[in-house]
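Next up, some structures in structure tokens.
Next come two complexes, and both contain subunit A; in the first it sits with subunit B, in the second with subunit C.
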Partner chain A sequence: MALFGGARDISMFRGLNRELMGDIIVQECAVYKFKLEETNVNIYGEAAEEKYYEAPVLFNVLIDRQDQNYPDSDIGINFEWGISFKFLRDDLVDAEVVPQIGDIVWYENGYYEVDNIIANQQFVGKDPDYPNKDDRGINPLGNYDLQNFGYEVSIIAETIYVPADKVGISQERLITSIKDVRKR
Partner chain B sequence: MAVIPIYPGSSSFFPGDTPFGFYDQQIDFQTDADRVVTYCARRLGYPIMDVELQDLNFYTAFEEAVTTYGNELYAFKVRDNYLSIEGSLTSSNLNHELISPNFASVVRYTEQYGEEAGTGGNVTWYSGSLPLNPNQQTYDLKAWASSSASLIDGDSIEVKRVFFESPPAIVKFFDPYAGTGTGMMNMMDTFGWGNYSPAINFMLMPISFDLQKIQAIELNDQVRKSQFSFELINNNLRLFPIPRHGGSMQIQYIKMSERNSPISKTPSGSYVVTNVSNVNFSNPNYNEINSIGRSWVFDYTLAVCKEMLGYIRGKYTQVPIPGAETQLNQADLLSAATSEKEAQIARLREYFDETSRKALMERRADETNATLIELSAVPYPIYIG
Partner chain C sequence: MSERGRIVVPKTQKQISKGMHTPYSKEVGNPNNAAYQITNRSNQVSFKGDSVKPFTVGLEDIDSTILYYFNNVIKPSVVQNGIRIEVPVVYADSERWNQIQKDGYFRDRKGRIMMPLITFKRTNIEKNRSITNKLDANFPNNYRIFEKSYSPKNIYDKFNILNNRRPTKDMYAVVVPDYITLNYDCIISTYYVEQMNNIIEAINYASDSYWGNPERFQFRARIDSVATNVELNKGQDRVVKSTFSIKMYGYIVPNILQKDLASIKKYHSKVKLVFNPEVVSDIGTAVPTIPDRTDIRHGDFTEFTDPPAPVYPSSRINTNRVAPTPPTNQ
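Right after this comes the complex of A and B.
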């Protein structure tokens, strides 16, 4: 039986994180979730025509900005800017948003395409979604309540800047949960 | 996803919300409980910052503060009055009693002196009869005690008095054959009273005559007779002169077990105050605590809340945030809480000590002296009569 990282502790962490990210630091970004089912793809898996996205969902995040780069190429000078958006996973769960590669993040009127997802920050090294129970609902080591211990803290979306004309997104009303949109 | 609520900005106290419920039914406590929650939450940063406590935590701290106040108050009363309280009945609650000093403990503490002097105390002096054998000078009183003094195993006696003395002069005072040279019988015969009992004297004599006669008898015995004396070493009794006839001799003794016993004979038992833990003070009535006391209670509640919050925020030194970890202010909270609690207790004890009987009497004496000094500066009027 685990002792540390129980549900009460995690609840406090969640509150602290939301206070820290929502009331103290307050960095925000919006996620445009890619709508795969409405996007036509060609035989190479590329979008043949327009890409479609869900309405932008606004989140409090922690943001790591890399330095901007201006590399030379045959067609001129490019602009590169990599940014990591660190989401509190619980916020994503509440909003029913699962960041994936290809999604677009809107941040300070710029668009950033997700090219990598990192989801490996576990408190006390456990994910409560994996209590390791068999078909009888029994953990053979006697750890019967592992579903109440551990915490998947964050999902980090590493992105690269994409010009607005390339993604072709027009800004819409920001929402806080895809779930709310679907209810409407 | 379990969500444990924290303080939402308001609270509503109900009896039963405190761990012990000492004061839950007291109206002022019920009223102040939610005010104290608001006070402490705001002092801890709410509503600017979240406070990871629930109303139950605040109520617990409030109850602890009131109880601590009562403990300090009544512990002070016990310290100040214990000499007068020890030995009193535990059935009387002292919260609202005006305690008067008394001599009970002082007398009990000093009974031992009277006990050794044979003038008082709680140790019984027993009488015993020691058989004397003709021509035996030494007697083992330990052996006598083991057979005659009803001792328990391991006990012994201490002889306090041995009745082995010469007959007092008064025994011979009326003895017509004492031969003290006073010529009493001749005188009585002369007056025609010779046939009466020799112990009856119809002649009125001055008291100085009787005293001189007694002294003469004693001096006569000292000069002409063997002196009655004894040695008593390690309970071996050696008699002088050696008894020539059988008989018995009286002694008085105590049992060592009774003298060694630290248990007071009176009062004793489970119904009397024997130590500070059973002095009958109970928790205070919050309704009766004045504003000075309540102010202390509020501040102490805040210190306890800080301590609780410190422990909550300090269970994990590193709190995970997305992509990193952070530290909370548990160290500051605990440090502040510890020092504030100590300061509050010290302040309260100092305040109480200043109202101790000793301190008040000293202050009264100082004031009197100061007044006299001040009055002495007033010019004395000169009366011309």
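Right after this comes the complex of A and C.
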């Protein structure tokens, strides 16, 4: 039986984290999950015509912003911005949202595509989902209640900036031709 | 006097040049002045209500032939842990969300790709100029013509056949396609060389044949060489990889505005009305033929017999059942 990382410890950490993120720091972002059944792809694995998303879910997060970058690419001066969104895993569980690669995060009227997920922050180094019991429910080393110890604290989504018209959530490209600009 | 005050507009170089041309055909006119093709309203036939769509073949059609042939004809498979597994074939580098979430059936719970897997992607398109071409994209000159068998204006009708009537036919003109050679890079990834051997054998057998859905488009595919490599890097899993290129001989007829505006897409055959005059030397000897019937009999009807025609008919079709007797010279 483990000594630390039990339910009381976890509850205290959960309360502290929620108070910090929800009442003191208060940084927010929304997560858009794809509707996989409704979003059709062509043979290239692209949903070029229409993308469908579940309704966005707003979370309190910790945000780690990199510096904006304007690289000189083959097609001209471009824009890049990488942001890491650190979610409290318990919030995600309550909202039944599993951030995955490719999901869209909305933050300050910009859209960010998740290109890396880090779920590696475990309190006392244990994940209660893996109590290592056999078919009879017995842990051979005698640790019979490992499912009550340990805590997956956070999920970190590393994202890259994507233009809003590619995401297709908001109407970003209001003018479709240079001729429209000249008429004005 | 009326031209007084008129501003002189000098001719452009193009106008001067055209003025020096002497057209070979008076009907067609100056071949360099192609504007006559635009204004020919007879070529602007609508597809409204037509069951035939304008013919197009695109790059996606050619790409999909590879996917079809792998999945439905070659059907590569390997035996892994005692189970025969179909090898998934995917287009490389699809969207992130699609790779991980929608197309993730060949990944394990953590997202790692499970072998075997075949990926392919188009890398190059080369124009094949050794075959015919349309000559000019502005005003295509070479077409392929397809005839529609029957249409509302050309209904199958025995009356028409009996009377040698041929109603106008619908013809569809398709611009001679752009012949291209496409190159695809393919990667086969497996855990074991033995699995790789089976896949390569299957793919090599399918080389030099026509790939694609027989009910849609088929294109000839060539695979010249397959390179096999076993990657055993420190800190990484052992992977057996084979790379090969598919050379596909295809053609495209794009669905674009320029083609729609400048090319002929549909036209009707010309209607020809033929009158066959019947001449007699003496009008007094001509007996008017009044057939005693109210409808036209045809087929295997045997009860009705027309009276023999007193006048030997001309070259028009004979609807009489009894062969007419030619007039005898008395």
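The rule we apply is simple: the second predicted complex is superposed on the first by the 169 of 184 C-alpha atoms of A that agree within 3 Å, B and C clash if a C-alpha of one lies under 4 Å from a C-alpha of the other, contacts with A are read in each partner's own complex, and residues count from 1 in each chain.
Definition applied: a contact is a pair of C-beta atoms (placed from the backbone, for glycine too) under 8 Å apart; a residue touches a chain by one contact, two chains touch by 3 or more.
These figures come from a predicted structure and were not determined experimentally.
Under the clash rule set out above, the superposition-derived model of subunit A with subunit B and subunit C shows the two partners fitting side by side.
In the superposition on chain A, A:D103 makes contact with subunit C only, not with subunit B. In the superposition on chain A, contact of A:I75 is made with neither subunit B nor subunit C.
In the superposed model, B is the one of subunit B and subunit C that contacts more residues of subunit A. Contacts of A:D115 after superposition: subunit C is touched, whereas subunit B is not reached. Within the superposed three-chain model, A:V153 lies in touch with subunit B and out of touch with subunit C [touch as defined at top]. Applying the stated contact rule after C-alpha superposition, one finds that A:A47 touches subunit C and leaves subunit B untouched. Looking at the shared chain after the overlay, A:L141 reaches neither subunit B nor subunit C. Contact with subunit B, but none with subunit C, is seen for A:R8 once the two complexes are overlaid on the shared chain.
Between subunit B and subunit C in the chain A overlay, the least Cα distance found is 20 Å.
Once both structures are placed on chain A, no subunit A residue is touched by subunit B and, in the other complex, by subunit C. Put simply, subunit A touches subunit B in their complex at residues 4, 7-17, 19-21, 23, 61-62, 64, 84, 86-90, 93, 121, 123, 148, 151, 153-156. By the touch rule above, subunit A contacts subunit C in their complex via residues 34, 36, 39, 41-47, 100-103, 113-115. The residues of subunit C lying in touch with subunit A in their complex are 60, 63-64, 67, 90-91, 93-103, 111.
On subunit B, the positions that touch subunit A within their shared complex are 1-4, 6, 49-50, 52, 312, 315-316, 319-324, 326, 328.
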